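You will see subunit A twice below: alongside subunit B first, and alongside subunit C after that.
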Partner chain A sequence: MEHVSELVDWSRAQFALTALYHWIFVPLTLGLSFIIAIMETVYVKTNDEWWKKTTQFWMTLFAINFALGLATGIIMEFEFGTNWSNYSWIVGDIFGAPLAIEGIMAFFMESTFFAIMFFGWNKVSKKTHLLSTWLVAIGSNLSALWILIANGWMQHPVGMTFNPDSARNEMVDFWAVVLNPNAYSKFLHTISSGYVLASLFVIAVSSWYLLRGREIKFAKRSIIVAASFGMITSLYMLASGDESAHQVALNQPMKLAAMEGIYRGEERQGLVAAGILNPAKTIGDDKLDTFLVKVEIPYVLSVLGYHSLDAFVPGVNDLVYGNAEHKIMSVSEKMVVGKEAVSALGEYKVAQKANDEIAKQEAFKHFEASEKYLGYGYLKDPKEAVPDMPLVFYSFHTMVGLGSFFIFMFFMILYNSMTGDILKQKWLLLLGVLGLPLGYVAQEAGWIVAEAGRQPWAIQDMLPVHMATSNIAAGNVMITFWMFAVIFTALLIAEVSIMTKQIKIGPEGH
Partner chain B sequence: MFENLSLLALQEYWWIIVALLGGLFVFMMFVQGGQTLVYTLGKTEVERDVLINSLGRKWELTFTTLVLFGGALFAAFPLFYAVSFGGAYFVWMGILFSFIVQAVSYEYRKKPSNVFGTKTYETFLYLNGAVGVLLVGTAVGTFFTGGNFVVNEMNLSQWTTPWYGLEAVLNPFNVIFAFMLFFLSRMQGALYFINNINEDMIVKRAKGSLKVHTLLFLVAFVYVTLFLLATDGFALNSATKIISIEPHKYLHNLIAMPLVSGMILFGAVLLLFGVFIALFKESKKGIWFSGLGTVLVGMGLFLLVGLGDTAYYPSLHDLQSSLTIANSSSSRFTLLTMSYVSLMVPFVLAYIVWAWRALDKEKITIAEVQSDPHHY
Partner chain C sequence: MKLLRSIVLFYKDGFVSMRLGKKLWLIIAIKLFILFAVVKLLFLPNVLDEKFKTEKEKSEYIMNSLTNSK
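On to the complex of A and B.
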C-alpha cells in the first residue's frame, strides 16, 4: 500500500508541477492575444504607424511567453498517458475526444496563423494580417474551451455509462459532454481571468515605464486600454466565479465545504470572507471551533451557493458521517454499496472468462444496482473523501481576495488616468507593478482550488486518483519529476530574463 | 454518412486517419532533420541564422502534428495510449523532453539576456533533431517487434521490464529503423533548404548532404524492407480473437492489400524521384515529390501493421495481451462522433497550404532575414 501512495504522490506532484508551470503562460496568451488584436485593428483603421509599432512590441512579448506555453502544454496532453494510464483507459473513451478536437479545431488554427502574424507583415495584405491576428486570439481561446470541457467533465462527469465488458466508461451523449454547464462556468471564469491577467501585465509594464519617466505616450495610452479592458473583464470574472461556485455547490459539496472551511452544515450559512483555520480541528470533532479568527458575512453562502436564503450548506462532517435530516448518505454507506459494485464487477469478469452467460447476467444485475457508488468501493477510509482543507480554504480565499482587489485597482487607475495625471500618483503606479505577481498568485490559487478541491477523485465520485495512475514504480516518476522541475525552472528563468530585457529595450528600441 | 459503417469499419477508418497523421508527421520531421544540419550547412553565423529562420517558420506545424497525432490516438485507440505511454515510459519521456527544449529554442536563441547563450539553444535544436527522431523511430519500430507488457481482464496494463521501454534499443531492427528515420529526416531537411533558401553556398552544401544521406537511408531502407518481408508477424484470428505468430505475416499483408503495397512502392519511387531532380535537374521542387512519397511510405507502413487482422502493438510477454485495432479502440459511439469531427481535416490542411504558400512567396535570403521585423 505504501508504494501505491508514494506513486500517487509523485504522479500528482508531477502533474501539478506541469499544470502550474503551464498556467504561468496560458492566461497571458489568452488575454494578450485579444489586446494585440484590438491594437492592430486600431492600426488598420487609422493607418497610424505608432499603433503598428505598439502592436509589434506587445507581440514580441507575446511570442516569448507563448513558446513556454507550448512546451508545457504538450507535456500535459501526453502525461495523461504516461502517468495516468489507468485513467486513460477507464475514461479515455470520453476524455480523449475533446483533446483531439482541441488539436484539430483550435491548436492548428493558433499555430498556423501565429506564423502569419509574425512573419507575414510584408507578405500578406494588411487585412489578411489582421484577420490572422484575430484568428490566433480566437484559436487560443477555443483551445481553452475544449480543454475546459475536458476538465469540466472531470469535475462533473455526464453523458457516459460504464461498460463491464470493456471495464471502462463509454460516451453515450456527446452533447451532454460538450454542453456540460460545469464546463461553461469554468470556461468563462478561466478566460476572463486570463483577460484580467493580461490587463495586469500591460498595466505593470506601463507603470514601470511611467515610474522611470520614459515611453510616456505609449504607457499612458496602454494603461487606459488595459485598465478599461481589465475593469470590464474583472466584473465578468466576478460574475462567472459566482456561477462557478454555484456549480460546485450543486455537484461537489465536499469541495465547497473545504473552500469555506465548514465542518458542520447549517441553513442560512454565512460566508467567511477571511479567517484563520484552527489547526487542532479534525474531521468528526464537534467541540473545537473551526476558526481561530474569522470575518463572516451572514446568510451569503446559502444565497450564493444555492440561490436561496434558507438553503442548507452541508459541512465536511455531514458529508462524511451522513445527515439523516437532510437526506445525506454517509461515505461509509456509499463505500459499502461501492464495494458490492466492485465485487459484482469481479464476478462478471470471472463469468465472462468461463463463458457462463447466466452467471454473467446475474453479476450484471448486482452491478447495476450498486454501480452509482463504484468509485467509493475503492476508498479505504471514509476520511479519505475529504480534500486537504487548509490548502483549499486558503487558496480559495487568496483567489477571491486578490480578484476583488484587482477590481478596485483597475477602477483607481482608470479614474486617475481620466481625471488627473496618473504620473503624479506614484503609489498607484507602484501598485500597478505589484499587481502582476499578485495576478499570477491568484491564477495558480484558482487551479489549486479546482484540482486539490476535487481530491481524492480524479473524476468526481467516480475514479479515485490511486486507481488512475500508471502501474509503474514510484522511483521512475520521481526521476522525471526532478527532470521536469529542473528544465521548467531553467526555462522560466530564461523567459523572465528575456522578457525583462525586451521591456527595458522598449517599444522605441524595438 | 458514417452511421452505416460497422464497428470494424470505423476502427479501420480511424486507423487510416492515424496512419495519415503518422505519415504527415514523418514528412514534417524535415524540421528536425534540418535542425541537425544547421552546423553542417551553415559555416558562418549569418548562414546559420538563415537556416534557422527558414525552419523557424514551419517548426510549429510539426509540433502541432505531433500533438494531434497524440490526440487522435487518445480519442480513437485509448488502450494504446495507456499501454504504450504508461509503459514505455522513458522512451516517451525522452521524446517529450526533446520537444520541450525545441519549443523555446527558436524564440530564445538570439534574444538578448537569454541566460544560457545561443550555443545552448542550438544544441537543444540538435538534440531534438537527433535524439527526438531516433527515439520516435525506436518507438515506431516496436510496432513491428513488440513491447514488454501485459494487459489484464480489466484492460489495465503493466510494463514488465524495469527499463520501461528503453530495452527497445537492444533490438537491431528498432535501431536500424530509427536510423532510417533519422537519415530520412535529414534528406527531407536538405531538400527543404534547397527549396526554401536562395543562397548558393547553402544550396550547394545541402546537395552534398542530400547525396550522403540518401545513400545511408537506402541501406537502412533495404534492410528494413527485407526484414519485413522475411520476418514473422503477429496475426489475429478474428473469429476466435486469438493472436498467434504467423511466418511472413507482413509479406502476406502486402499481397493481400495491393493498395497498401502500391502505396509504399509508389511512395518510395516518388521519394527517390524528388532526390533525383534536386541533385541532377537543378530543380527546387524535390521536396514536394519526396515529401508526398514520405507521407505515402509512412502511411503505408502504419496500414501494413494495423490492418489485415494484424496486432499493431504486439506483446512480447503475453501474446494475447497484444493490441489490435479491434481490441484497443474507443466505443462505436465515440468513433462515430469523432468521424464527423475528422471531416475538418481537409479544411485544416487547406489553410495550412495557404499559409505555407503565403510565407514562401519570397524565398529566404540573408537580406530577407535581416530585414524581417521578427526574425529568430
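On to the complex of A and C.
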C-alpha cells in the first residue's frame, strides 16, 4: 500500500509538473493570436505601416512562445502510456476521437495558415494574409476546445458505457461527449483567461518601454488595444467563471465545498471572498470554526452555484457523512454500492471464463445497477473522497482575487491611456509590468483548482487515481520527474532569454 | 504542377529568409529529438504495449486490476 501511495504521489507530481509547464505557453498562444489579428485588421483597414510594424513585432514574440511551447503537451500523452496505463486503456475509446481531431486540425492549421502568416508578407494579398492570421487564432482556440472536451469528460463523464469485455469506456453518443456542458463552460472560461493573460503580456512589455521612455507611439497604441481587449475579455471571463461554478455545483459538489472551504452546508450560503482556513479543523469536526478570519458576502454562493437564493450548498461533512434532510448519500453508502459494482465485474469475469452467457448477462445487470458509484468501491476510507482543502481553497481564491484585480487594472490603464495621462502615471506602468507574473500565477492557480479539486478522481466517481496508475516502480517515476524538471527549466530559461532579447531589440530594430 | 512549384518556392523562400526563425527551428528540432528519441524510447515506454501483445491480453489485465483492487 505504501508503494502504491508513493507511486500515485510521484505520478501525480510528474503530470502536474508537465501540465503546469505546458500551461505557461498555451494561454499566451490562445490570446496573443487574437490580439495580433486585431492589430493586423487595423493595419488592413487604415493602410498605416505603423500598424504593420506593430503587428509584426507581436507576431515575433508569438512565434517564440509558440516554438518553445510546441510539443510540450505531447509529454503528457507519453505519461498516460507509462504512468497511467490503466487510465489510458479505460478512456482510450473516448479520448481517441477528440484528440485525433485536435491533432489533424493543428497539423493543417500550422502547416498552411501559420506559414502564410509568417512567410506571406508581401507574397499574398493583404486580405489573404489577414484571413490566415485570423484562421491561426481561431484554429488554435478550436484545438483547445477538443482538449477541453476530453478534460471535461473526465470531470463529468457522459455519452459512454463501460464494456467489461474490453474493459473500456466506449462512446455511445458522440454528441453528448462533444456537447458536454462541463466541457463548454471550461472551454469558454479557459480561452477567456488566455485572452486576459495575452492582454497582460502586451501591457507589461509596453509599460516597460514607456517606463524606459522608448517606443512611445508603439507602446501607447499596443496598450490601448490590449487594455480594451483585456477589459472586455476579463468581464466575459467573470461571466464564464460563474457558469463554470454552476457546473461544478451540479456535478462536483465536493470540489465546490473545497473551493469555498465549506464543512457544514447551509441554505442561503454566503460566498467567502477572502479568508484564512483554521488549520486545526478536520473533517467531521463540528465544533471548531472553519475560518480564523473571513470576509463573506451573504447568499451569493447559493445564487452562483444553484441560481437560487434559498438553495442548499452542501459542505464536506454533508457529502462525506450524508444528509438525510437534503437527500445526500454518504460516501460510506456509495462505497457499499461501488463494492457491489466491483464484485459484479468479478462475477462477469468468472462467467466469461466459464463461457456462461446467462451468468454473464446476470452479472452485467448487477453491474449496471451499481455502476454509477463504481469508483467508490475502490476507496478504503470515506475521507479519501475529499480533496486537499487548503490547496483548492487558496488556489481558487488566488485565481478569483487576481481575476477581479485585472478588471480594475485594465480599466485604470485604458482610462489613463484614453485621456493621454498614462505616461504621467508611473505607478500604473509599474503595475502593468507586475501584472504579467500575476497573470501566470492566476493561470496556474486555475489549473490547480480544476485538477486538484477533483481528487481523488481520475474520472469523476468512476476511477480513483490509485486505480488509474500503472504497476511500475515509484523510483522510476521519481527519476523522470527530476529529469523533466531539468529539461523544463532549461527550456524556460531559453524562452525567457530569447523573448527578453527580442523585447530589448524592440519593434524598430525588428 | 505550377501550383505545386509555387507552394514549394513559397516555403523555401520563407525558410531561407528566416533570421530568428532558424534559431527557433533549431530549438524545436532539439526538443523533438529529446522527446521522441530519448524521453519516449528510454524513459516513457507504453507499459501495456511492452507487457502484452494482443488487445485481449491488455483488456484481461485491466479487468484483473479493476476486480483485484490495490
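Note that the second predicted complex is superposed on the first by the 501 of 510 C-alpha atoms of A that agree within 3 Å, B and C clash if a C-alpha of one lies under 4 Å from a C-alpha of the other, contacts with A are read in each partner's own complex, and residues count from 1 in each chain.
The criterion applied here is as follows: a contact is a pair of C-beta atoms (placed from the backbone, for glycine too) under 8 Å apart; a residue touches a chain by one contact, two chains touch by 3 or more.
Every value quoted in this text rests on a predicted model; they were computed, and no experiment measured them.
Asks: Contacts for A:Asn278 in the overlay, against subunit B (first) and subunit C (second): which applies, first, second, both or neither?
Replies: neither
Asks: Touching A:Phe114, do we find subunit B (first), subunit C (second), both, or neither?
Replies: first
Asks: Applying the document's definition of touch, where does A:His466 land relative to subunit B and subunit C: first, second, both, or neither?
Replies: In the superposition, A:His466 contacts subunit C only.
Asks: Once chain A of both complexes is superposed, is A:Ala71 in touch with subunit B (first), subunit C (second), both, or neither?
Replies: After superposition on chain A, A:Ala71 lies in contact with both partners, subunit B and subunit C.
Asks: Going by the contact rule set out at the top, does A:Leu99 touch subunit B (first), subunit C (second), both, or neither?
Replies: first
Asks: Would you check which partner chain A:Ser228 touches, where first means subunit B only, second means subunit C only, and both and neither mean what they say?
Replies: So A:Ser228 meets neither subunit B nor subunit C here.
Asks: Output check: A:Val4 vs subunit B and subunit C. Expected answer is one of first, second, both, neither. What do you get?
Replies: A:Val4: touches subunit C, not subunit B.
Asks: Using the superposition on A, tell me which residues of subunit A are in contact with subunit B and, in the other complex, with subunit C.
Replies: 60, 63-64, 67-68, 70-71, 74-75, 78, 81-82, 85-86, 89, 115, 118-120, 123, 166-168, 349, 470-472, 476, 480, 483, 487, 491, 494, 498, 502
Asks: Touching residues of subunit A toward subunit B in the complex: what are they?
Replies: 56, 59-60, 63-64, 66-68, 70-75, 77-78, 80-86, 88-89, 92-97, 99-105, 107-109, 111-116, 118-124, 128, 163, 166-168, 170-172, 174, 349, 352-353, 470-473, 476, 480, 483, 487, 490-491, 493-495, 497-498, 500-502, 505
Asks: Once bound in the complex, which stretches of subunit C touch subunit A?
Replies: 10-11, 13-15, 17, 20-21, 23-25, 27-28, 31-32, 34-35, 39-40, 43-49, 55, 58-60, 62-67, 69-70
Asks: Under the stated contact criterion, what part of subunit A meets subunit C in this complex?
Replies: For subunit A paired with subunit C, touching residues are 1, 4, 60, 63-64, 67-68, 70-71, 74-75, 78-79, 81-82, 85-86, 89-90, 115, 118-120, 123, 164-168, 342, 345-346, 349, 377-378, 466-467, 470-472, 476, 479-480, 483, 487, 491, 494, 498, 502.
Asks: Under the definition above, what is the set of subunit B residues touching subunit A in their complex?
Replies: 57-58, 60-61, 63-64, 66-68, 70-72, 74-76, 78-79, 81-87, 89-90, 92-93, 96-97, 99-101, 103-104, 106-108, 111-116, 153-159, 162, 164, 330-331, 333-334, 337-338, 341-342, 344-345, 348, 351-352, 355, 358-359, 361-362, 372-374
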